[in-house]
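Following are the structures in question.
In what comes next, chain A is part of two complexes: it sits with chain B in the first one and with chain C in the second one.
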Partner chain A sequence: MIDRADMMLPPSWYEASARRRLAALLDPGSFTEFLGPEARETSPHLGIFDLPVQFDDGIIVGKGRLDGSRVLVAAQEGRFMGGAFGEVHGAKLTGILRAARDNPALPVLILFDTGGVRLQEANAGEMAIAEIIRAAVEARLAGAKIIGLIGGRAGCYGGGGIVAACCSALAVTEQGRISVSGPEVIETNRGVEEFDSRDRPLVWRTMGGKHRYLLGSAAAFVEDTPAAFRAKAVELLAAAPGLSLDTLRAEQARLAERLRRFGHAKDAVDIWQALGINDAAALPGLETEDFLALAQKVRAGEVRR
Partner chain B sequence: MTIDAILASLFPGGHDVGRADGLLMGSGRMEDGGAVTVIGVIDHTALGVDEALALSAHVLGSGTGPILVLVDSASQRMSKRDELLGLNEFLAHLAKCLVVADLNGRLTVGLLYGRSAAGAFIATALATRVLVALPGAEPTVMDLPSMARVTKLSLETLEAKAKSTPVFAPGLDNLAAMGAVHEMWDPHLPLSAQLATLLARGTDTTDRRGRLGAERAGRPKAAAIAERVHALALEDD
Partner chain C sequence: MESLSYRHTTPRAAAGAKSSAIIGVVASGNLEVLVERVLPPTSCEIDIRTSITGFGDVWQAVVGDFVTKASPGGLRLSINDGGARPDTVLLRLAQAVRLIEGAP
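Right, the complex of A and B next:
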């Protein structure tokens, strides 16, 4: 007999909506939303392009419990304008991070699913990224932990990729992709020889969860299920590093070492081979368990940011 | 103004700002003898992993005193290599170095005197506490052809909107309307005096850009939304 709760859990994080992810991630019935759809805090700008608004502007923020302890959460809905940061969308996350700054005992979980700045309100979206970064650093200096969970359809691109790298730790799935310029933008600016955005394997190799985990960009690689993210979020909240001049110096050394070892690589396969993975071409096809067994032995420097 | 003219006007008493590969690194002396750490991305240089790492190393190694970030950059470098190596981490690292320095009492000032865009702008000028600009500064978020590709809107529509919509159009005034630019500097007056006035004012570390954006009507809702969420999150259940 399938346990009723399991039937309720969406099988795939990637397929689930932001609301379903939160419901499956947090302790059942523990979530309280701030400025939810009933508040109708929509974007003041989308009318310029005659675009439909959404009553939560594509991000759900609130508080709940994870394994019994209180957390603040923000979950982006990748299916509304690619989960992109607009004025209201970004301000909701800024408010959550400033609350964690003022009560550092409250960790923050960010469920990223974003193409970056919402280009229809580009200047407001870029300002939101700047304010989010500053609020995240303020919160982390005060001792708050910020964990990023990345496995959505829109990926974690542009300003979202920069915010992700300000978190205490990241958990990523194979479908999770992280970068600043997306494939289409690189191709538009530098041509298809630089980056063919239609080459799916290239996108996964360059920006996908397996590569990010091997490179040390993400502290954890998980299966594409809410249960896996939930377990890893609990673990990372206990283990995530603080932020100080010392951790910044350690991060400087870690990134310098990465350039020294892999700065001349032409493709992710070159990096994987340099890490000691003989059959690099088989890596994308490896099941999670086999991949993790291999990765634990070879992955680059542990994240110390 | 050329970068040499800017540096001379900022530091009439002398400076040792080095210039290589489109980057500035060094320090300048104020009239009161105090030292200012200087970094910069100039000559429309793109900010890639190598550049960001060099600038963050200089900030981390620069001890105490204010930090001045001079900006006339392209966007982040758009390449397979930079993304392969984790450009988001390098840009975030530079931004963290600047914000941590600022929160530790080293006033960080961004001086936008030329162009900048997207990830380069976020990791330098927008990562400072006070952003000032010289006339002619030209920040943008993304080039319109890329925007057309991503938004699936036609270039004509974007170009038309770009003429009339502060929240979307490139340019200094539009960004100022968002609350990003704290003040304009006058290129015909000594920049050293204008910097000294700013340093003497001793602003606190609070991020007021949301309120500025509301006052200037460019971002009518951001500050209020952030404050309401902040209050709700701190209510004890």
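Right, the complex of A and C next:
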């Protein structure tokens, strides 16, 4: 017998489908989908490999309201082909970003959940990533804000990691991972001595949400619930920076300083120690509240040798 | 890839007025069902595209069971299958009808 209290537990973002995430993120009943599944805009490539298509090609795009304000949204379904970018999938995200470029008062929320480019349509997928990056930069130059929300089972990898880096701000959960080369890719190319993709703690402390937040790649660290993402998205939309030459110079300086301080570190734990965290090895086990208290001190520069 | 299509006559139309709904995802052992209210009230059509070939008999039995239980008149159900088992297929078909009949 399932206890009623268990059924009322907040749903996990990680476990939810892309459609459920969108429904829980936006104001109730406010979502309108563009090119929905009934349009049957499916991949023209997967059939060649005798693979089944999905009616929405693994991404849901549309408009809705967040806390009363109009927003554009795109949500990737990480369970369909690892949320990977194919030709149609990519074109749908490009379209949403171009809509924001043309109406920059409309911000874009991207619910990333992707392993990167779909290998079966590699060239089309890579071109889609290039188009998305251009559209994202154009939208931001026009004044639109782009917020990335990362906490899905596929993480945010490959071209998705690059697109995420083009956003105005990112919110990430502990389960969320952000990188370009994924664990298996590194292991295949560099050997298991370099990176053991089956070593889960290694994967999470190298690419996981806590590390990305500590290093400043993600602007916010949130609990694994739609309510937490919703509250943080509202906050980030108000606070996210615009895009200008000064923004880029500041980011370049931040990255150069990061490389100078941590470039020789062999493991994320070394970086946490260099940040002045005393019990660095215990960091992965910290609950959200304790972690945030510590991380905010680190980010404010209070914990520093 | 195999395409299967079944047509049935149903005793009554599906309830509700929603024009379409979707449930599920195309992943290993799973499937998606897109349901659309586009047919005459006592007709039902189920179109299946599956990567697992040679199971037409099982699909026919599962679809027959579903139509008898749900009487999904007026509905076209389109399936992209990633190799789901019959119980999963029945569950998703029932969920799809429940969604288009107005479940929140």
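Going forward, the second predicted complex is superposed on the first by the 289 of 305 C-alpha atoms of A that agree within 3 Å, B and C clash if a C-alpha of one lies under 4 Å from a C-alpha of the other, contacts with A are read in each partner's own complex, and residues count from 1 in each chain.
We adopt the following convention: a residue touches a chain if its C-beta (ideal position, glycine included) is under 8 Å from a C-beta of that chain, and two chains touch if they have at least 3 such contacts.
What you see is a predicted model, and the numbers here were worked out from it, not measured in a lab.
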Using the overlay on chain A, decide if chain B and chain C clash or can fit next to each other.
-> fit
Should A:Phe80 be classified as contacting the first partner (chain B), the second (chain C), both, or neither?
-> second
Once the shared chain is lined up, is A:Arg21 touching chain B (first), chain C (second), both, or neither of them?
-> neither
Is A:Arg230 in contact with chain B, with chain C, with both, or with neither (first, second, both, neither)?
-> neither
Hey, is it chain B or chain C that touches more of chain A?
-> B
Touching partner for A:Arg249 - first (chain B), second (chain C), both, neither = first
Scan A:Glu138 for contacts with chain B and chain C and give back first, second, both or neither.
-> first
Applying the touch criterion given at the start, work out whether A:Gly47 contacts chain B, chain C, both or neither, answering first, second, both or neither.
-> second
Minimum Cα separation, chain B versus chain C, post-superposition (Å)?
-> 13
Overlap of the chain B and chain C interfaces on chain A comprises residues none
Residue positions on chain A within touch of chain C in the complex are 17, 19, 36-38, 47, 50-56, 77, 79-80
Would you pull the chain C residues touching chain A in the complex into a rising list?
-> 1, 20, 22, 25-27, 30, 32, 34, 36, 49-51, 78, 80-82
Touching residues (chain side chain B, partner chain A) in the complex | 49-50, 53, 56-57, 60, 76, 78-93, 95-97, 99-100, 103-104, 118-119, 121-123, 126-127, 141-143, 145-147, 149-151, 153, 157, 161, 165-169, 174-175, 177-180, 207, 209-210, 213, 218-223, 225-230, 232-234, 237
Counting only contacts in the complex, chain A reaches chain B at residues 32, 34-35, 41, 44-45, 48-49, 61, 63, 72, 87-88, 90-92, 94-96, 98-100, 102-103, 106, 115, 117, 119-131, 133-135, 137-138, 141, 158-159, 161-166, 178-182, 184-186, 188-190, 194-195, 206-207, 211-212, 215, 217, 243-245, 248-249, 251-252, 255-256, 258-259, 262-263, 265-268, 271, 305
